[in-house]
Amino acid sequence: MAAKRHDWSWRSRATRGLIYQVLAVAAITAVIWFLAHNTLENMRVRGIQSGFGFFAQPAGFDIGESIFAFDSADPYWKAFLVGLSNTLRAAVVGIVLTTILGTLIGIGRLSRNFLVRNLCTAYVELFRNIPVLLQLLMWYFVLNEWLPPVSDALNPLPGIFLSKSGMAFPIPEWEHGHLVTIVGMALGIATAWFYRRRARAAFERTGVARPMLWPVLVFVAVGALLGWVAGGAPTALELPVRNDLNVSGGGAVTPEFLAVTIGLTIYTASFVAEIVRSGIQSVPWGQTEAAGALGLSRGQALKLVLLPQALRVIIPPLTNQYLNLTKNSSLAVAVGYPDLVSISNTTLNQTGRAVECITVIMAVYLTLSLVTAALMNWYNSRSAIKER
Amino acid sequence: MSEPIINFEKVSKWYGEFHVLRDIDLAVAKGERIVICGPSGSGKSTLIRCINALEEYQEGRLTVDGVEITDDVKAIEAVRKEVGMVFQQFNLFPHLTVLENLTLAPMWVGRVPKKEAEERAMTQLARVRIAEQAGKYPLQLSGGQQQRVAIARSLCMTPKIMLFDEPTSALDPEMIKEVLDVMIELAGMGITMLCVTHEMGFARSVADRVIFMDQGQIVEQNTPAEFFANPKSERTRDFLSKILSH
Amino acid sequence: MDAALHAPVIARPAPVRSAGLLAWLRANLFADWKNALATIIVVALITRWLPEIVDWAFVRSVTRPDNAACRALDHSGACWGVIAEKYRLILFGRYPFDEQWRPLLATLLMVVMLVASCTRVLWSRWLVVAWLAVLVVFFALMRGGIAGLTPVETARWGGVPLTMLLSTLSIAAAFPIAVLVALGRRSHLPAIRTLCIVYVELIRGVPLISVLFMASFMFPLFIPPGITVDVLVRVLVGITLFAAAYLAEVVRGGLQAIPKGQHEAAAAMGLSYWQTQRKIVLPQALRMVVPSIMNSFISTFKDTSLVTIVSLYDLTGSLALALGGDADWRQFYMEGYLFIAAIYWTFCFAMSRYSQWVERHLRVGNAR
């Protein structure tokens, strides 16, 4: 291929392109310089220091809930870590619940049953059109005002207590036996994996299909059970116990956590339902007919033909919703749940280090988004339906 | 006449309030090749889709290969193993390769081991002259190639009856011939064939019987020679004059 | 086989089984045992809860602004009286009581313009002019200081007018930015393309609240010392930048759908880049993505509720203003929440229905 001849004249496209780019970069650089200059000026005038060194200083505030120990003498960076762990905690629980709820409602929207179909449509239309912040505030209000005080806590199920102070639930007391249970479960999973490989090979060799799902569940359950027995069958549960004044013992989650998780789940599930529904509907009806015409049963058609195609359409926007849920968890600051943004806000108000704190928040969320986008691109390129 | 392999007895079907099939009486003998033609909306596609229970009927009795088609799931599954169908829109599974499309049903429905299913698939692909595309994905092929793959896919289940629902209507003109050639070859093999099509040349060369349908009923049926030369009904004459004018 | 000519069969009405009420019930509610079970469960739940809800919300509710009557209810019925008492505070924020006809008029004007923008018949250059005129009138009405209207500072603006202002103005301002960024992303010049990609991915990767914090806390630092910018303007800039990034992706989708042949035909005719974009590409692209633009607007409308966190009293914030400090009425917060939720819902639902209608209409128009 011959090298491009550059004509370096005023009218050549290459020259013009270069000039535009130089101008654009120069303009952006000038703006950034202007902003940076002003920022430094302002900080000098107001006596604000800069630098990330303050992160090592003691925080001076307590955090309402945390999965690891924190007190006001711990440094700021640890406070931010607690905030991040709280964000991830709410996000993970929210993602799991919203996937389940959203899938059920999405499938319900396609139901033949008139009542189920319309109820699911009503759900989607209702929760989609109300701002998520308002929904969080309403849930927080319900949990805070309408639940009884802790001395009068509700006991809907044995061992579970609901009150203004949150929800208490039994957790197993950690013992050596639990470790053995986990090892047993891991062995069960390994056995199930080997079983599936052998079953698939046998199916291809002989044509007789072997059950794939039940044996896996059985292996994992039996493995866990054997491990549990071998570890001495630890049954000690730390049960929350209600005495006159409050409920103590057991695991607990605060009403803030409940408000954030429930609110985010119900809001995001309405979007997930739409994604699932349109994913299922995106598979042309002819595919179902062709599968039926070949003699495949409904279950086989679903597994071999419909789900693979539907999932390809569902998964990219679904991951986008997971990301939205994680970003929306930042609204926890409005209900007092100490997530990353909330703690950053407190730090900002205390130290005046606006630039540093906001940069940290944005960097964390940006990392989460970019990692998710990269994973999604990898999934898309791997599973794309190949065309001409 | 020996027992017909397909027998419609006063079969009627409604879509809501619309009477789409009206008292159809039709007996198809084993190995017979039938072409069904008629204006759009006449119910011809609905008729053949009743045979493999893709459509349900409300009145009458339909028997296919000795099995009566009802709501019974087992009966429908048994029938579908013996009846192959080729669709106007091909309906190949785009997420599977051509070979995987063909081996899917034999492996999962016919309980055939993978190796044997693949050999069978390659034989059928060679028969439709497309064996070299076995590793490609359907959307990488042309329309004519896709339809030939669809025919091969149905043949992999060794059906007794083959249904064709306007197989060439979605193809560009230059690809129609390659698909018709395959169908003509198939017709010489002794499989019972019911074909809904506008390709009258195909009807003339291959069909044992041509059926004309209009407004949900069979208006006229005859051998191809007689049908095209001496249409008995006014409506048949009208229809033929429209489609045979070029 | 004999040649056969069949006697014509006249159409009959469908047998009872396939049409009519009984058939509908069978198909829709009791198709199989799973469906029947679902129907029974749903009906049971409805008969259990619906009468209680109706009782609470309507039968036993108090609609007069009577605090004593509301307290007497003791939560057995809804106290809609709190709305009757506080609605002006909720709807208009801290705007002076006597002048509240001004935000009302301004909001109505805005709503009329929005509805007008949605009627395709009125899409023309004059619409843009009309919008500019209405915006000027809006600000004049709200701000005052001319035509004998008493001035009202922006800190007192709140409630519905503020929500409308924030959403409309930010989308309007975001639009040209989004178009430029979308074009920039598809540019052949690597520097410009990179800048646009960085902007879009940066903004889309972070939550809106962080952008609002940036607007609230960092923007004052960006401005030369001595100059102050109104918090409303800062928040508006933040929301605009945020909306522009998402809108840019929507526009980019439309641009990508324009076949290359359009660009080639325009180039062959001798049109310059900007002429091509203005006259050929953008009109088609934008028309195609109108439903997605509407969705962006609905999202921005919902997102304006976040400004409460940076202390602007939009519809969500004005509720806290109205009830938070008032010990008498504070326990009836839920009725307040339901009231503003209903307002948001009505607006968003209407817009989304309309956008679905537009989408269907466009598809029909494009089909051949």
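By written order: A, B and C. Residues from 1 in each chain.
Throughout what follows, a contact is a pair of C-beta atoms (placed from the backbone, for glycine too) under 8 Å apart; a residue touches a chain by one contact, two chains touch by 3 or more.
No experiment lies behind these values; they were computed from the predicted model shown.
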Of the other chains, whose C-alpha centre is the longest way from the centre of subunit C?
B
Quick note, more Cb pairs in contact for A-C or B-C? It is A-C
Roughly how many whole angstrom separate the Cα centroids of subunit A and subunit B?
49
Centre-to-centre distance between subunit C and subunit A (centres being mean Cα positions), rounded to whole Å
25
For subunit B versus subunit C, what separation do you get between their C-alpha means, in angstrom?
51
If you look at subunit B, which of its residues touch at least two other chains?
none
Provide the residue numbers of subunit B that touch subunit A in the complex, in ascending order.
52, 54, 77, 80-81, 83-85, 87, 89, 91-95, 104-105, 107-117, 137, 139-140, 153-154, 157
Note: in the complex, subunit C contacts subunit B through residues 1, 3-6, 8-9, 11-15, 17-19
Contact footprint of subunit C on subunit B as seen in their complex:
12, 14, 16-17, 19, 22-23, 29, 58-59, 209, 215-223, 226, 232-233
Which residues of subunit A touch subunit B in the complex?
203-209, 284, 286-287, 289-297, 300, 304-305, 308-309, 312, 385-388
Where on subunit C does subunit A make contact in their complex?
27-29, 31, 35, 38-39, 42-43, 188-192, 195, 201-202, 204-210, 213-214, 217-218, 220-225, 298, 302-303, 305-306, 308-309, 316, 331, 333-334, 337, 340-341, 344-345, 348-349, 352
